[in-house]
Structures are given as C-alpha cells and as structure tokens.
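Labels A, B, C and D are assigned to the chains in the order they are written; within every chain, residues are numbered from 1.
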Amino acid sequence: MQTAKLSSKISESCGLFGLWGDAEAVRLTVLGLYALQHRGQESAGIVSTEGENIYEHKGLGLVSDVFDEIALSKLKGSCAIGHNRYSTTGSTSAENIQPLLVDYKWGKLALAHNGNLVNATSLRQNLEATGSIFQTTSDTEVIVHLLARAKDSSFLSGLKKALQKIRGAYSLILLNENLMIALKDPHGFRPLCFGRLSNSFVVASESCALDIIGAKYEREIKPGEMLIFSKKNKMRSYFWTKHLRQCACIFEFIYFARPDSRIFGESADGARRQFGRRLASEHPVFSADMVIAVPDSSNSIALGYAEKSGIPLELGLIRNHYIGRTFIHPSQDGRDFGVRIKYNPVQEILQGKKVVLVDDSIVRGSTSQKLIKMIRSAGALEIHMRIGSPPIRFPCFYGIDTPTRKELIASHHSVEQIRKHLGVDTLGYLSLKGLLEVAPLSPNEFCVACFSGDYPVKYEKNYNKFGMEK
Amino acid sequence: MQTAKLSSKISESCGLFGLWGDAEAVRLTVLGLYALQHRGQESAGIVSTEGENIYEHKGLGLVSDVFDEIALSKLKGSCAIGHNRYSTTGSTSAENIQPLLVDYKWGKLALAHNGNLVNATSLRQNLEATGSIFQTTSDTEVIVHLLARAKDSSFLSGLKKALQKIRGAYSLILLNENLMIALKDPHGFRPLCFGRLSNSFVVASESCALDIIGAKYEREIKPGEMLIFSKKNKMRSYFWTKHLRQCACIFEFIYFARPDSRIFGESADGARRQFGRRLASEHPVFSADMVIAVPDSSNSIALGYAEKSGIPLELGLIRNHYIGRTFIHPSQDGRDFGVRIKYNPVQEILQGKKVVLVDDSIVRGSTSQKLIKMIRSAGALEIHMRIGSPPIRFPCFYGIDTPTRKELIASHHSVEQIRKHLGVDTLGYLSLKGLLEVAPLSPNEFCVACFSGDYPVKYEKNYNKFGMEK
Amino acid sequence: MQTAKLSSKISESCGLFGLWGDAEAVRLTVLGLYALQHRGQESAGIVSTEGENIYEHKGLGLVSDVFDEIALSKLKGSCAIGHNRYSTTGSTSAENIQPLLVDYKWGKLALAHNGNLVNATSLRQNLEATGSIFQTTSDTEVIVHLLARAKDSSFLSGLKKALQKIRGAYSLILLNENLMIALKDPHGFRPLCFGRLSNSFVVASESCALDIIGAKYEREIKPGEMLIFSKKNKMRSYFWTKHLRQCACIFEFIYFARPDSRIFGESADGARRQFGRRLASEHPVFSADMVIAVPDSSNSIALGYAEKSGIPLELGLIRNHYIGRTFIHPSQDGRDFGVRIKYNPVQEILQGKKVVLVDDSIVRGSTSQKLIKMIRSAGALEIHMRIGSPPIRFPCFYGIDTPTRKELIASHHSVEQIRKHLGVDTLGYLSLKGLLEVAPLSPNEFCVACFSGDYPVKYEKNYNKFGMEK
Amino acid sequence: MQTAKLSSKISESCGLFGLWGDAEAVRLTVLGLYALQHRGQESAGIVSTEGENIYEHKGLGLVSDVFDEIALSKLKGSCAIGHNRYSTTGSTSAENIQPLLVDYKWGKLALAHNGNLVNATSLRQNLEATGSIFQTTSDTEVIVHLLARAKDSSFLSGLKKALQKIRGAYSLILLNENLMIALKDPHGFRPLCFGRLSNSFVVASESCALDIIGAKYEREIKPGEMLIFSKKNKMRSYFWTKHLRQCACIFEFIYFARPDSRIFGESADGARRQFGRRLASEHPVFSADMVIAVPDSSNSIALGYAEKSGIPLELGLIRNHYIGRTFIHPSQDGRDFGVRIKYNPVQEILQGKKVVLVDDSIVRGSTSQKLIKMIRSAGALEIHMRIGSPPIRFPCFYGIDTPTRKELIASHHSVEQIRKHLGVDTLGYLSLKGLLEVAPLSPNEFCVACFSGDYPVKYEKNYNKFGMEK
C-alpha cells in the first residue's frame, strides 16, 4: 500500500463550538470550526435549532469539505453547536461523527463532547446488560444513554444524575429546542471558555474561535460548572457538583492549543515562551550558532529559548502546509519520504552550523529521528535537542490519543538512550518541576499524569478499548 | 453570494517539475508537485511516458485532490513532467490545466509552462488568421502552434524557430516519447533548476522540489539554455539563442519562492534576511517593543529586521493553515471576516505594545489595512509598518498576476498617503537601491519592472487580455 | 425550485437479501441487490461477517453508486445480508440506511427489515419513557430495542419475546457472527423466500435475486416461521409463534414484484396475466383497435387483456429508462414535463385509433390524467381505460407508502367521477371478487385492506407518523 | 479486475439537439438530451449563447449526472446545442466530450457531430503536416481545423469549403453568437430532423427529443441541406452541395432509434413491425408455443412476428433497468454473470415450451449464446431464433461502433455454423431483399453496407482508427 497518513505526533479528540442567539448562528459556527480545525480533522458537524425543530449536517473531512451553501441552507435557526472530531484509529465511520443527535423521552437532544470517560466500558456493559443498544463506539453515546435512563421528572435533574455516574474528562455542549448547555467535568480536564457577541453567547474549546467571529472573551468555564443558555438570551451558571481540584491538561499548553488562544484562562503562547526560557536555563548550550524550531508547534518555545539564551533564532526547517492528511509516496525501494514531505531543512542556513533544535515533546521518537538525520544531511555540525516538556512516560486516559506505554519511547529508555537513538549530540528535557514552576496555573491545578503517572481519576483496569494500554 | 475566495496578495502562474529516467518517475513527480504547491493551487497535471506511449492525468484542485492510486495506475513510464497551475481569474476551466498535450506533425508533445508571453495576443491573432484553432486561453497553446507551424525537418530546429517568435517569460518543460527538454527564455525571467537522483535527471522551478525526493541540486538553468534529456539517461546543454542579460524576477526572492528553496542559484531565505537587515538600517524604529511578521511569507524578512535592529521578534500574528481556498462566511450585516479567517492577532502579546509590523510587499493595501485594524483592536499602542521591498507601481507582464496599475496603491499614492490609508504610525519601504545592493545577484541581473517601470522586454500596446493594464 | 422527483405511483419499503456460507458472499449480495433494486432506490447497504468481526458499508443512492471495489475490499466474510431502501418522504438521512447495526448485550447485531409496524409509535414512546434513545426514525430500531430489553438468557428466546411485542408487517433478516436468521411476521404480509447455491443458503424478497446468482429456489418462508442458519452450513426451521392466517400483500402481485419473480410461492407474471384476462371478461371493449400498456409495470396485465379479448397489443407508449430519480425541467411558464419525461406516446401507432389503455392501478390519478392527455394529443380517437385491480380506497399500514385517504382518488370519487376526471371514454376496474377468484392463492390468504378497508392487524389510532392517515 | 462493463451489442456515436430562440433553451436542451440518452451514455455537454458570449458545460456520465442547477446557472441564453456521446473504447477522456468549442479566426464556434469521417486520418495527417495541432481524437476537430484553414472571407463560404473536403457521415449542429447551423453530409447517412416550438426552432437526431419538449415535428433535414437559424428567429434552407443519393443508415431503423421516434421521416416502430412480419413470412415456425423478444430493442420486431405468425407474444425475458453501465461481479471461480445481470428468463413462462426468440441482430454472438443457455436452463424445450435483419458481415465506417470483421460472427460463419454455435434448434435471418422491400424508404435510399459490403463512400485503405478494419 502506497498511500500513507501523515501522523501527527499526538492527537486530541475534538473542538467544540456553540452559539446561542444570533441570526447568523450557523455561518458563525462554521467560522468557529475553521478556527478549531487543528483540534480535529477527520469529521465535522453542526446541529442547529430555531426553537421548534432540530437541523443537522455532518460529514467526514475538513470543515471546508463538509459545509457548502447547500448544506447551510438546511441548517436553520439562531442557535447552533458544532464539533470537529479527530477520530482514533479505525473509527472513521460516519456513525461516530458528532454532534450526536438522538430522540429520547424528553424529545430531541444534540451533544458535542471533548474528552474521554474512564468508566465508559463498564457503564456501557451495564447499559447493554439492561437493554440499551449502541450505534457508535464513542463515549458520547454512553452519556446520552445515562441521561435517557435517569428516572427524573426534568431534563436538568436527569442530566445532573447522568453526569454523576460518569468519570473522566468531558467538556460538553448540549442543544435542544429550548436550551444550550455547556459544562465541564468536576476536574475540568479539557478547556472550554465562553464569550459574548452583541447579545448572543458563544462557547468554544479555545478563545481563537471567539476571535474569528469577533466575540468578546469572558472567561473559562469552571470545573463542575454548567452554563445554561435559554430563550430571550438568558444565561445562568450552576455548579452541578462540588468543585474538585482543577486538573487542566498541561499538554494543551505544551502542544494542542493554537498559540493565539487562551485556554483555562491563560495564553498558550505566553506559557510556551516561559517553557522555552526555563528550558534554556535548565539545559543551556554554550557554543551553538542558532536555535531552530520544529515548526509550527514549537515556535513559541524556541523563541523563548532563543530569547533567554541569546542564541539567534533561525528558520532552519520549513514546513509544507499544502499537503492533505494522506499522501502518495514511492515505495518500491524502501525510500522513506514521510517526514521529508512535511519538513525541509534549509541547507544554506544549517551547513556547518551548531544547532539547538527545539521541539515541544517526543512521543515515539521516530519522527524526531528522521528529522535529525535530515538536518545532519543538510550539513549541521552539532545538533543539541531541547524538549519543552518532560519525558512522556504514561498514556493519557482523558481524551488524548497517545500510544500505549510500550510505544512511548521515554517509558522504557533513559534520556541518554533516547539521545543515542535520535542521534543528537546532547538532549535535554524540561523538568517536571521546572514546567510546573513556570506554567500559568499553580502546580496542583494541572493534570500531569502523562509525565508522572499520577492519574487524578482512576481508570478501569481493563482499559484497553480503542487501542490503549492494557 | 456568501462563499468567498481567500485572495493571496499576488499570484504566480506555475510550478514545473520533470524527471527523466527513474522507475518511480510518476510518484516522485507527485512529491515534486507537493513541494511546489505554493506556486499554484487551482489545478495539477502529470504527463508520463515509457518511451512508446504518452499517459496523462489532470484535474482541478490541489495535488492531493487530483492524484490518487487509481490515477497513478494509469500513468506509466520512467519519465514524467508535472505542473501546478494558478489560473488567473475566470479561467478555472478544465481545458487550461497543464501540461498541455497535443498531437501534431511530429507525434505527441506535452508542454508545461511557467511565465507569460508579451506578444501572445498578436501571435494568436496571426495564427487564427492563418487557420489555427484554439481550445484554451493559455499562452502555452500559442507556443505549440508555432512549433507545429515551423517548416523545419526536425523537431529541435522547429522548436528553436518557434521560440524565436515568442517574447516574454517562459520556463518550459517539454516531453515526448524520446526526449524531455527544459529551457528558459533568453532573459531567464522565471526560475528553473536541475539536479540528479542517482542516474536520473530532475528539473524543477525551485530546489525544494529536488530536496523532497532526495535529489542533488546541480545548478540553475541559464537564460537561453536548453537541456535535452534523451534515452540511456543522456543530457546535453545547448544555447538556442544568444545569451541576453539575465532578468531574474526579483519578486521570486521577495515573496514567491519557499524560503528553503534556491532560485536562480541563490537561497531565498538568505536574500530575505538581507532585505530585512537593510530595511532595519534604512527605516529603524527607535522605541519599539517587538518585531512581528505577517506569517509565513514575511518571516525571514522580519527575522533579518529583528536581528539587525536588536528588537525582539514575537509571534504576534497567527495564521490558520487549515482553511481551504474558498470559505463560507456570514454576510447579512456587512461584517467582514476575510482577513480574520486567515490571521489572528495575539492580544496577550500585542496589548499595550509598540510594534514593528514587517510585510514583504503591499499590493492593493486592502489586506494590510484590515490587518492593521485587527492589530490595533488587539491593543497595540503604536504600529510601525516596514515593507521588505519598494513600492509596487507597475504591473508585471512576465507571469505574475498583479492587478492593473489602477489597483496598485503605490502607483498613485505617496508613501505618506499610503501610511494614512493603512492607519499606521510610520511606514517605511525598502529602497530599490537598497534592495539591489543586498540582493544575491548583481543589480543588472534582475527584472525590477514592477518597481521601476523599466520593462526589459517590450509588451504589446493592447495588452489587456486576462484583466491586465490597457 | 426546478429540480423535480419522478414520483412512482406507490412505493414499497425494501428489498432484502442474505447469503450464508459462500466465499464470494459479499459480491453475490451486491448482485442480489441489483436484482431487487426496483424495491428501493434511495439507499443500499451490506453487513458481512467472517465469523469473528462484523463489517459494514452503506450509502445513499443506487446499488451501483454505493458499492465499488474499495467498498467491497472492506467487507469480509462468507456471510452477508443486504438491503435496498425506499425511504419515505423527508427521511433520506444517512442514519436510516439499513441494515441497522448495533452493539447490545449479546454483542453485535445487524438487521434488515421490510415492512411496517402498526404499534411502533406506542412501543417507541414506552421505550423512550423507560430510557431508550433513538438515532433513526425507522421501525427497525424499535425491534432492536425490544430485543435488547428482553430479560432472557439467550438471544433466541429474547428475539422471540421481542417479536411477540410488535404488530404489523415484518420480513426480517438478522446477522451476527454466528447466525443468520430470516423470519416473517405471523401473517406473512411481505414476501421472503429461500434457496440454495451449492452448499450455501440464500434468502431474498423475490426469487429474481436467486436467479441472478444462479441459486436454486426452494420455497417461500411461512408466516411465523424463522429460519436459523448456523456454522457448518446448517439450517433449521422453527415457528416462533402460532401460525395465523396468511395475509400476503396482493399488491406485490399487482405491482411491486418483478414479473420474473416468484413471491409467496407463485409467479408474479402468471398472476398478472390472469388479472388481465379477467379484466377483459369483466370490462370488454367491443370496437377497439389495440391494447396498450403503461410500461413496464402493466405489461403482463395488458398482455392478458389482449390475449383474452383478441384485440392486438401495440407498443403505444415508450418509457425512457435512462433518466435518474430526479430531473431538471423548465418551469417559468408552467409547462409540465413530469410525465412526458418518463413516457412518450407513439403518434404513428395511436393516430386515429380506438385504444384500450391498461394500467395496474390508480392512486391519486394525476399521472394517469396527464398520460391520457398526451395519448389524446397523439391522435387517439377513443381511450378505454382498464385497471388490473380494484379501486384503492384505503391506505396501507403494512409497509407500502400509499398516500393518505384524502389523496386516494377512489376513496371519495365514484368510478364515473374518476372517468370524467381522467378524461377517458370508459373506465373499468377489475372487481375485488374477480381479482381474488383468479389470484394464485386462496382468497383468505391475502391482505386486501387497501381495497376493502378490512385490516387484518389493528393499527394505532394516532397513526400519523410519516405523513399517513390521521 | 472484477468490475465489468455491460456491453451493448453495437454502439452509435451520438445524439444531437439544438434549440434556437427560447427563453428556457438550456433547460429544454437538457430534456432533449434525456430523450436522446440511448444514443450515447459516456458524456454529455451543452453550449449556449445569449448573442454575445458563449457558455459551456460538459462532463463524463449520463445527462442526469452532468447537469445540475449549479451547472445550469452558468449556461445563459436563448440558444443552445447539446450532445450525448458514446465514446469508443479507450477514449473516455474529458477532451473528447462534445460539443467541441474553439477560438479561431471568426471568433468562437461550438460544434456537435454525429457520424464518422472516412478520410479523417489523411486529413489529419495533412493538417498536422502543415502546422495544425490536435487536442482530441475525434473527427469533429478535423472539421473545425478545415474551417479555420479556409481562405474565405466569410464563415459560411469557409464552412462550405471545409465540408467539401470531408467524406463520410456527418450530421452537424454548429453554434456561434449569431447563428445556429444544422446540416447533413451529401448522402445523409445519419438522422437529423427539425421542428418548431412556438416561435423557436428545434433540431434533433430523433423526433422523440421534439416530443419531450412538446415541439411540433416538421421534417427530416435532407442530404446536403444546411438549415441556418439567425437572429429574430429566422431560418433559411440552403443546399451546400449537389444532392447525392440518400444513404440512410438502415441500422437506425433496426436497432438504434427509440421506437417512438421518427427518423429519416419515418416511424422506427412501424419499420420494425414490418421487419417482424416479413421475418415471420420468410422464416415461420410451425409448432411454437410463444414468441419472446430480447427486450427492449426487439420488442417491435417480435410483436410484428407474433402478429403475422399468430403465435402469442409472451414476456419470457425480463430486463433489469436499474444497473448502471458498470457493475461488480464475482470472479474467483469463473462464473459468468454478465448477461444474467441484464436479463432474467421467466421459468414459469418458458418451462416445457417451444419458443421463438426474436432479436434485432447478431454481432459477435457471445451475448446471444449466453442468453440462449439461460433460456434452456429455464426449461425451454425448443428455441427457434429469428433475427430481424440480415447477417452483419462488414464493419461500418460511418459512425457505428461495430467490431472489426474478424469479430463479426457472420463474416466468417455460415448461418448453420452460427446456429450450432448459439445452440438453437433453428435460426433464421431476415433476408436483405426482404428487409429492403418492407423498409419505409425505397431500397436505393439506404446504406446497407454492413450487410452487403457495398460502401457508398470509399473509405481510406489504412482505416484502422479506433480498432476498426485494417
């Protein structure tokens, strides 16, 4: 097979967007999804309402593939929620495209989810044992089943009861004909903020989706908080559970979020600059000619490193933004073009130079290894690799598509072993202590389980669904 | 109509790639076209041969849209040429997709062209008057007609005669069952280089297309030079016309080429760094907090400015790479989302700061104006705009899709008027003298007609085809 | 809006096909669906298994649109079930495409359904009230929910219990990794037959789907019978309920089935020939020049009429088979092209002639009216319309997409009134008595509710879902 | 490879339609192409004008695939010409889709062609030798080149001169901003008629395309006649060459035309009925139970046979109209499904019966052989095959895609040998004498070269284009 997939190092699950009360809600939701496209590129969907009916359009592909004028003409109403999905391996089926839309005892309900439940398997087994059927493989369907089973008289008390049964990470947006609800799990693992656009309300995974429509950022939604948007443009906040310790995913700051976004109330670029400066303090390089970033995700970290170290930043690696998610490559003679298609080292810059190569993280190490080989071929004399985060040793159970422990290079290799494997002269990771000291929230407000193995929410023993750790 | 096109400021016509003598020629040509995608995104095509037949596949869209395994299975042979096209307004028809493939007296011929002829209109009129029919609106068809009309006994002498009739810019690759020919016009307006991959030969508009397939860069093809590749992997060079003064398009260095490319034998990034440094000398800003680039085209220039001025570079504008070439936007209330969809200013960085904003050029000024307004809204106190090239006052007749003079803001406004129009505190353009002093070739080897109005090759008076100057 | 839909007069719901135990099961299932394409053209789907996993491919459109080699490469295994769907108005959404595939307590289950439940609304309300969620609007999902809710220790006893709760018409094929099950409701409203192909078993809505793959027809499945196909190519028959009076849909004989099919054990063409002969006896025309059919559905009936009456058959109406299900037509001036696009009267045949026009049935009368006008324009002197079935006065609740009573012309007009409305010289319907006397089963083995209003299975009062009778 | 093509026995080249002077010209042209879809299913195209510009839309596939509302919105004007193409093997490329649209000395010209030139190869060689380039493989391009080369002062005299150089079959419709021209070659090989719709003019290959838009049939265009339609809805007729003997393709009557069409001024159905009656006289069957047709092309002939012989017609073969032009079939075990997918014999009708099987013609004999095997398997006791035309012994050079002589079974086998090969009890072909005696024109007005080898227009010796006779 000669068509390959450009593997991002790590994949997150979703981008969420919701807009309550604007005549152009659907079009603005498309814009919001454009801005959140980096959080998921496998499928996109929008559900809207004008207060009486629910409209839906979903499809596989980028937002620009899924939505055209014909699709938009079907989506009516001044309220809409949208979703970008990064489906995990093997699940690119149409059934899993979000928002999920169902009929149940309280009418119709659409639900968009970012995160991962750690007790989904047992909940699903219990639900199936007592008569539920499942048509998708996503955790989102578990949540709706629990809501449908709630023996409560009202939707809101039923929702509360359903949420109390699930454990894990979930930023959710729900929509029916009367309400839009945005909420976070009690630990607030995944980002979700809200803002205003004239009289309407906007919620989004990252603030860059507010910026694109010209909305004013208000604040991050809090762990355990539920914002209820209702007719006549009313909003009320409500804590559906006691506030637990916030466990903001630190990888959102390291890698996922766009640098121009605020997440968890703080600037992603600002955090990365700090990581870069601290990295320069912890792992200086004394005789380097230049700092280069692995573009674009490491740009801010590299800039921080350059600033602190005084070593000039150079654009030594160029990224090709035009290739799609799959590409065609030659194969008969074993030549490997995967990394070369995405990045090109600039010989004129690198030739005969001592280079500090800054990356945000190392997962499997295979991409880094090829990149380093290319940089050597371009003539670099020395390569000093600097990583803006600690070694990733543990898989994530809260919504990030990390590989199993076995595949995480740092889970079973020392830094020196990794250095040799990558073929660099020196290798330095930002320490966990250093990361937390300069990160924009206080240390105990983060989830750092992928570095430390301290999981704030216990995961089920048999957590092996969807290719994860056994 | 609510679907809009993301207008690049200026558009070039094409990317060319050719490979002679590799078992995986077609697949490697796809890779080459990936690397040259920035030069044209409207259509792509490949023509190949195994020495007996000619195979063809073309289509509208990106390389990754046009080529899949089914398409590749039709393209046989160890020799292939490919083309990325940026079609000018209104001509997105299937007929114009290159390479152009025709039957004529010497059999079959495929032709890929980058550039523009200045006497195409009169040649076409003459050809039509004497019995030719035209099925496309491209200059390339004119060249083939002239070749077909040549009363010579051999293809090569006919080709030479045809070339002597055309004036303007043309880097060409031709392919038939026996030969691949790469050539430049006598002034060498547009780039074309060649390299080697084991025993095979590669030609490409930019060296980044050699890098992606691991080919070794040899050198730029010279003005008036013709490289003839023939069976048993032979190559010979031949000057089909006397060598005239080289007129390398300086805009290739300023804007078009990928920074990691060599063009006309020199590094694009290296040139831009020099432009940035010189710009800092000519137009310093004394109390600025930061330099920011309009990404990605101005990154190298901004880095040069930052280096020379000592003002730190910041990532104050983030570009969204995921949107396609058209997008959906709201429209009912006149809100303008065009620029906002592509760029987002980072408030955390810009708030309360004095900013040097570096861009490569200004064409109409409308995108800059919106960008500047967004940067102001993000809280910048002062904006000092610095442009890495002189004011564009004259249209290009050699293959670059500039607007008419009327639309070029600098053709009828002073720098001070433009400054006011854009709404910046100060505005500085790199001087033509400065540009030429630091540019990588000697001053008389460039075409700078867009700045100076000195056209090295006369254009026809009635040059109004395809929306250009009357 | 100027794109219109070619409305068939009456629409049935589905074609079913299943194959147990052939190395080429999936490809043969595609063939089977080709043969059953007349039973549903809105969507198609196949689910297969190799005994361990379940594979699925579904899509909107004709079988030839939905299945290509890429789709087939995903469908593994020697057992497969397929479905052609005629979706009712407004429900062309992807969610409703069958077979329905779910996860539930006994693993995975695929289900293909032909028919309609009369207590679906109340069952659905009860299921939702006690916690079920619905993702489609089809009755099939109700059946799966009931099965999932069954508090039985085994799948088969659960299935039996679920079936006992539903009322209406249902021919079903179910598939999981271990079993394929084909069954009919206790009255056997809809056809389903089985056959053999070497050692494998085949089930299909009509025998033409057995013919296309060269399978040997065995017999019709009986009302209340369940055929269970299990590993090592075993089959056993089982009556899951007491045998009730068979209520074979007589419209299958009149209109739906392909003439080359056996349904309910009898030849469709043979039945139609009898209807035609009887029609000629009941409603002779004494001085006609020719009999013409409304092609192709009335061909057999017209042939019977011609044979019995001695009046020669002519091909006076030609049907265009190439137009798709929607077509473009002019509209500005109210010209009506709908019927003309499908049928063309042959002036050379009709000019100056007295014509017996034979059709199988009249639903709304609007198509007939236009057709008759066209035949008059082609020069026919007299038109004597003869209908191969009694007046349709009552809607069907068992799976046929008839309009509401209000729209059925015969429910509120006398034969004479219809004659005037259509503009024919005489009009004769086959009597119900006549129909039943010559039909291939005994009179009490048919459902003739659409003619008589005697519904063998009571329907819910509020049966107004999907645009039916209130 | 397991996707196969449903080969029609013989393929014609095209359907032509033109409409001059109706506000809905483009939509009516789409209707006209629907009606002519049987003449070509590989591609479709329309060119229109409002008197100033020329608009074009073309694509591969059926008319209903190629034209949608978006396509129609691009096609402006009250004059339009359309074309359905049956491309010959291997030439399904986009370049060949008609109408061909070119720029040349007299501006723009669109041309739709039905037929084949017998001196195309030498004309093309001459044109290429003197400087023309060809971008398609169609004869149509030759015609336009000749016109472009004409050294005349006016378009019409140039056209006349160009036509005088070409030999063969050509019904043409041309369109520019000022004129629509419909013309026939001097022998009038291929049909083309005209009619009126209110004040506008319509031309079409068959009258069924006039019927579908409600136009009034006027008459067939004559050999060597040119109808010129100009502004203010004027029409004039002009003979551009002396009238030669008409050579109407007799196969249009036998097979191609829709039965409801008039071609060459006569009814196709009427002609076929006569062929059938004569066939019954020439080759009676004395003890047969029934006549069956190979549907739908032989229906009229079979009806004529039945009428004359007194043997009743039965619908013993059912054709599946829903499969597309390619289909998926099993292949591993060599089972052959090709014919079975298209036709199904009705066992209930054929079992134990003596059958007269009527077909219109035999080309290679392979489809007939399989069909006969299927009819035997369905239980027919005797099969008496009767063919409504003489043995085809010679290839057609005038636009019908017959195979080479080698593949024509009758060119090298006696009737008795064919009978054995097909496996029928008796075989009878209509005699050429009989055919011509009952055909609707006088014998010397037909081209019967495929039966007699008497070619009215000499073809070039090296006539091996498109896989034909060498």
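Keep this in mind: contacts are C-beta pairs under 8 Å (C-beta built on N, C-alpha and C of every residue); 3 or more make two chains touch, one makes a residue touch a chain.
Because the structure is a prediction, the values reported are computed rather than measured.
Note: the chain lying farthest from chain B is C, by mean C-alpha position.
Rounded to whole angstrom units, the spacing between the C-alpha centres of chain A and chain D is 60.
Look at where the CA atoms of chain B average out and do the same for chain D: the two points lie 48 Å apart.
Note on chain placement: the centre of chain C and the centre of chain D lie 35 Å apart, centres being C-alpha means. Interfaces, counted as pairs of touching chains, are A-B, A-C, B-D, C-D.
Interface residues of chain D, counted against chain C in their complex, comprise 2-3, 23-24, 27-28, 30-31, 34-35, 37-38, 41, 62-65, 67-69, 72, 208, 211-214, 258-260, 262, 267, 269-270, 296, 299-300, 303, 307, 312-315, 318, 320-324, 326-333, 335, 337, 340-341, 344-346, 348-349. Interface residues of chain B, counted against chain D in their complex, comprise 56, 93-94, 100-105, 128-129, 131-135, 137, 141, 144-145, 148-150.
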